[in-house]
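Got a structure for you, questions after.
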């Protein structure tokens, strides 16, 4: 679980600024975590410790919150984060097969990152583009009506 | 920005703003409105259909007539361009040919407001707007 | 001021933006400029039209032309043909799935004909980022009217009279809820808008916030006035960036106009709104969980009473309504409670927004009067089942709801009828299923969701749903027994009976309702080891039809486990014990000799 | 107070408004089973998440079953507590809980004391449905010097979390994860040693299963006893004698000092001593330190740090080392009685017995789990050899006695050995909240004023309220005293001092409810705070019955100073009996 993330002075300042902007109010913890995840891409242990100490909340409580909400992550995402919508509409239109295809193409599990750190694969709940089901998001880009046989081509778009 | 301070302020503001939205509001219930369609194909435009359309829009706006002006393709009366089709609720549509700004105002004043027939009607076996095509 | 002859309304909702609606807007504007039509036509970015199946949508008014699945490269043609020459681009018009004819204008589309748009009245009609357009449509007139002529109690009475019930799932009378909150005195009270839409497959709240944020802001302020709260909070999913942006813009504009802030319209009433972000927890749709989450805590529910109206956010009286409920409020004041009261059924007034999805032709967001039948929704508005398949069931209420079948098709939809039929309104997800959908798998899918979303606080929900899911998995894997079915039912009932919050109290509904309506399907899974719908992989049986088999050996070579044997040019056979049901042989066979059961 | 009338199982009950169904039923003599619910009324501790759903009952007119622990009675309510629907629900839910619990009762250290086990016995669970292939949630295990965490056995009652956060305000634990994998754990499921845990062990004291258990030192003690080369001596803390009897079915509050000494001798300890002796020694050192600081303060010395804080409680020491790093020079430097005993035993006593330090094994019997951690602190070791080798809890002692087949109840009363077995009433009351400061006052008053106390009992310092304050007249000088038990109350007191709200000369703090009598090593109270109350009374009874009740009058203490230490706060005393504190800032 421990990551290679090493916290630096500049990070500490960023974290403190974010906490200060919410008046270090423990009630704003979730907003603070959102901002910090936006800043670092994920929430490594050290970041959580720093938030806890700055906001005077126990780090156990901070971790309790981070581990409760699916939006927060403690592992860095791949450079291209793949999210397959698993909302009901997408599910009935075959999202599961699409996920399976990504898993086998990338040889990673859901929640995993490829060894080169290029892709990560996650499932998410409804993105609300049910008309395009099944939907896959890669970074900000949305792919609609995805069929398993298209997966290979989609991934090929990201050849560096 | 001036703050809205009362219902009155809001009403005044609404009045000045709804002008811009009219066209959309009217599209909500076209069947209860007078529908005017201006034939706007190349022939029509060449014959001045655009001016006629502007005149019509200004006129109904000025007279506060519950009407909506749309544009359509060529109606096939190229000899009589610009042509417009007027559908008053409850009546059959009527097509007018050789409409210029002057005639357009006359159509509004006489046919639409007072229900009088005027010259320039193209007699057709034409049905209704919606059944076309 | 230029008087445009035409408005081009382009859907800027999340769904259509995903298919390049921003690019379309850019191209339309460029082309209009190229042709010098800037004074004739205006392009407006609106919220969702609801017809997401065929997005991106471009609608042209006043002639109500409805272009579907528009691509950025279509823009030139639209402007040149339609705007300049008045000729509709026929190939982009909506095609009726039955008659295969192009429909000229949206007024004649089955999708819209039966709809009645109250909560969605401005969605797809106004530019949500422009407060002026909202005001032009009587925006903020409701609150102004209340300030001028109503006491808080009178304003509450109006809502009570309208019969409006909470649209978040429970259907609690909104007026009564407000009244309770108004009667609890405190130095500070809160109005909370629940925009943490978590039901997978429902997106009405997002659409409203994206398409008409001001109606929610206005309604929250009205609620604040009624209950005596000066602070409003919107708890919104962080996964809805566009809705967040539009809401922030709207709040800023309302503040600039003095419609939020201190002493609104010289009424002496102060009200302002702040956003709180959810972080991906379905349970936070439950009021007490939502409040804990807003307080920076784990979103675990607490026992009610005390209700939030007594002790809510920061321990103060708090009124929580969802987005759709709020969106109904301003119209009620503008058109009157009596008007609203006439829509709907005896106990469910007004309209309900549904997110129609699944195996249906017209996927999208619809708003229909309460009391409409499922048949009308599925076959008239929804355009029937996709690919001409047979209707099997419709799932309403998401993970908390149940399945309705053929026999419910003519039941009028309202809160109470849905519950009586073993389902519920929920937030309004409506997933249509056809003959290829296995109902056991469907129940399993929902349970999987519940297991993932259970907060873990109470034992029946935390462990019980996990066990339900395990039993369903066992059944789908062909290992279930009839005893399992019995236990499934008992366990479901106990979970409903003992769970702490609404999530656990409703999570077994998909199981109970499929058990009730599709018991035979369960039985065939456990007794015959057969999945009627053919969707449970483990229950598939691959055989070779010897008459058709030419002995080409393509299947033998494709089979990853060597389950197929046979002489060349002789019919082959599949060893069912070895077969892993991967389907490779089926895909490879050129003679359709592989039979799947 | 508004009254509510309701019927429970056809019995009419009248209760105050706000009463829960559970309490109303209790009043009507109806016992509703509970699992997560915990209420220590005397101590204002309540855990009521409404999570286990075992206590559900049927309420007429209500759609689903109601959790009786957290549903308030309403006028005219009709409640049924054991209909078939209720019984089926309870049984099904309990089966579910058991289906996610390792079936390892035979070897579980909580077996026989486990609320979950009791309940399944009571409800006659004989099989668990759907257990085939059922996933069981498993977590990282952790063994700290004081306690073991095996959260596979956790049932998410949240008692430990409530205690750690709301009562103790330590914040080492929190609910983590979600759904099936949710559990209570330190941040990142890290080891407790890396967390701000103080090892007070109160989480263990309330755990209804074997998820949180004391670190077991009994085997090490048995091995030492069996080693012929070792001289093994034992010290017993004051609170042990007031609770040990409970483990043998005796009434709470029964004093078993004599039987305990006899049992320890039977077990083979070479000498049976009393930590109370060391408590008297503590008073000499801490009292002198207090008087020293007080005298300087009264003389106008601005550098002197007041109030003086007691330092006997190791969990409290950990707490301020974590949370009040700016105040590390405020607490008394006196070591705790356990450690003073160890230091004297391995010097003075070892010399007296002519035993080499490494051949002398000092065992302590403590009501406490933090003591296990305390004796492992480096500053209490000489060349790696600890002053106190092993600390076992009251419950561990009971287990040793049972394992040795000793009929405890039939044992004769025996006396402690000398020289370190003699103690005063002041030493005994170290076991309750307010006791240490009362003992200190008894001595400091006489030493400071040179007068004999008219009345030895300082009632104003006694009681179970979380925070107590009193002013004692030191012959014209008012001495302000603050007392807190449970760390949350300590925090309030400390914060008040930091902010200048309070002005105390001396403060006593104990981490556990009621003081050491409510320690985590004591027999489990299972949520009954009357038990703690009974031990509380017993301690004062023991004090009242002692011939000597002031520490400075303990003849063996006097002798110890004469023969070995010189005088209180002497250089030797300083070296052996005092300590210093470390910054352990962790969130």
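Every chain is named by a letter (A, B, C and D) in the order it is written, and numbering of its residues begins at 1.
The criterion applied here is as follows: a contact is a pair of C-beta atoms (placed from the backbone, for glycine too) under 8 Å apart; a residue touches a chain by one contact, two chains touch by 3 or more.
All of these numbers come straight from a predicted model, not from anything done at the bench.
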Chain-contact steps, minimal, separating chain B from chain A: 2
Which of B-C and A-D has more C-beta pairs touching across its chains: B-C
Per Cα centroids, the chain farthest from chain A: B
Distance between the centres, which are taken as Cα means, of chain C and chain B, whole angstrom: 39
Chain centre separation (chain A, chain D; CA means) in Å: 44
Between chain D and chain B, distance of the C-alpha-averaged centres to the nearest whole Å: 89
Centre-of-Cα separation between chain D and chain C, whole angstrom: 54
Per-residue overlap in chain C, given as positions that touch at least 2 other chains: 281, 298, 452, 455
Sites on chain D at which at least two other chains make contact: 175, 177-178
Residues of chain A whose C-beta touches two or more other chains: 57, 61, 64, 68-70
Pairwise chain contacts under the document criterion: A-C, A-D, B-C, C-D
Complex contact set, residues of chain C against chain A: 14-15, 18-19, 51-55, 198-203, 206-207, 238-240, 276-282, 293-299, 314, 355, 357-359, 363-364, 395, 398, 429, 431, 433, 437, 445-446, 452, 455
Contacting residues of chain B [partner chain C, same complex]: 1, 3-7, 9-11, 13-14, 17-21, 23-27, 30-31, 38-42, 44-45, 53-54, 57-58, 61, 68-74, 130, 133
Contacting residues of chain A [partner chain D, same complex]: 1-2, 45, 48-49, 52-53, 57-64, 67-70
Residues on chain D engaged by chain A in the complex (per definition of touch): 165, 170-178, 185-189, 195-196, 586-587
Residues of chain C defined as touching chain D within the complex: 281, 298, 300, 302-303, 305, 451-460, 462-464, 466-467, 470-471, 474, 484, 487, 490-491, 494, 496-500, 505
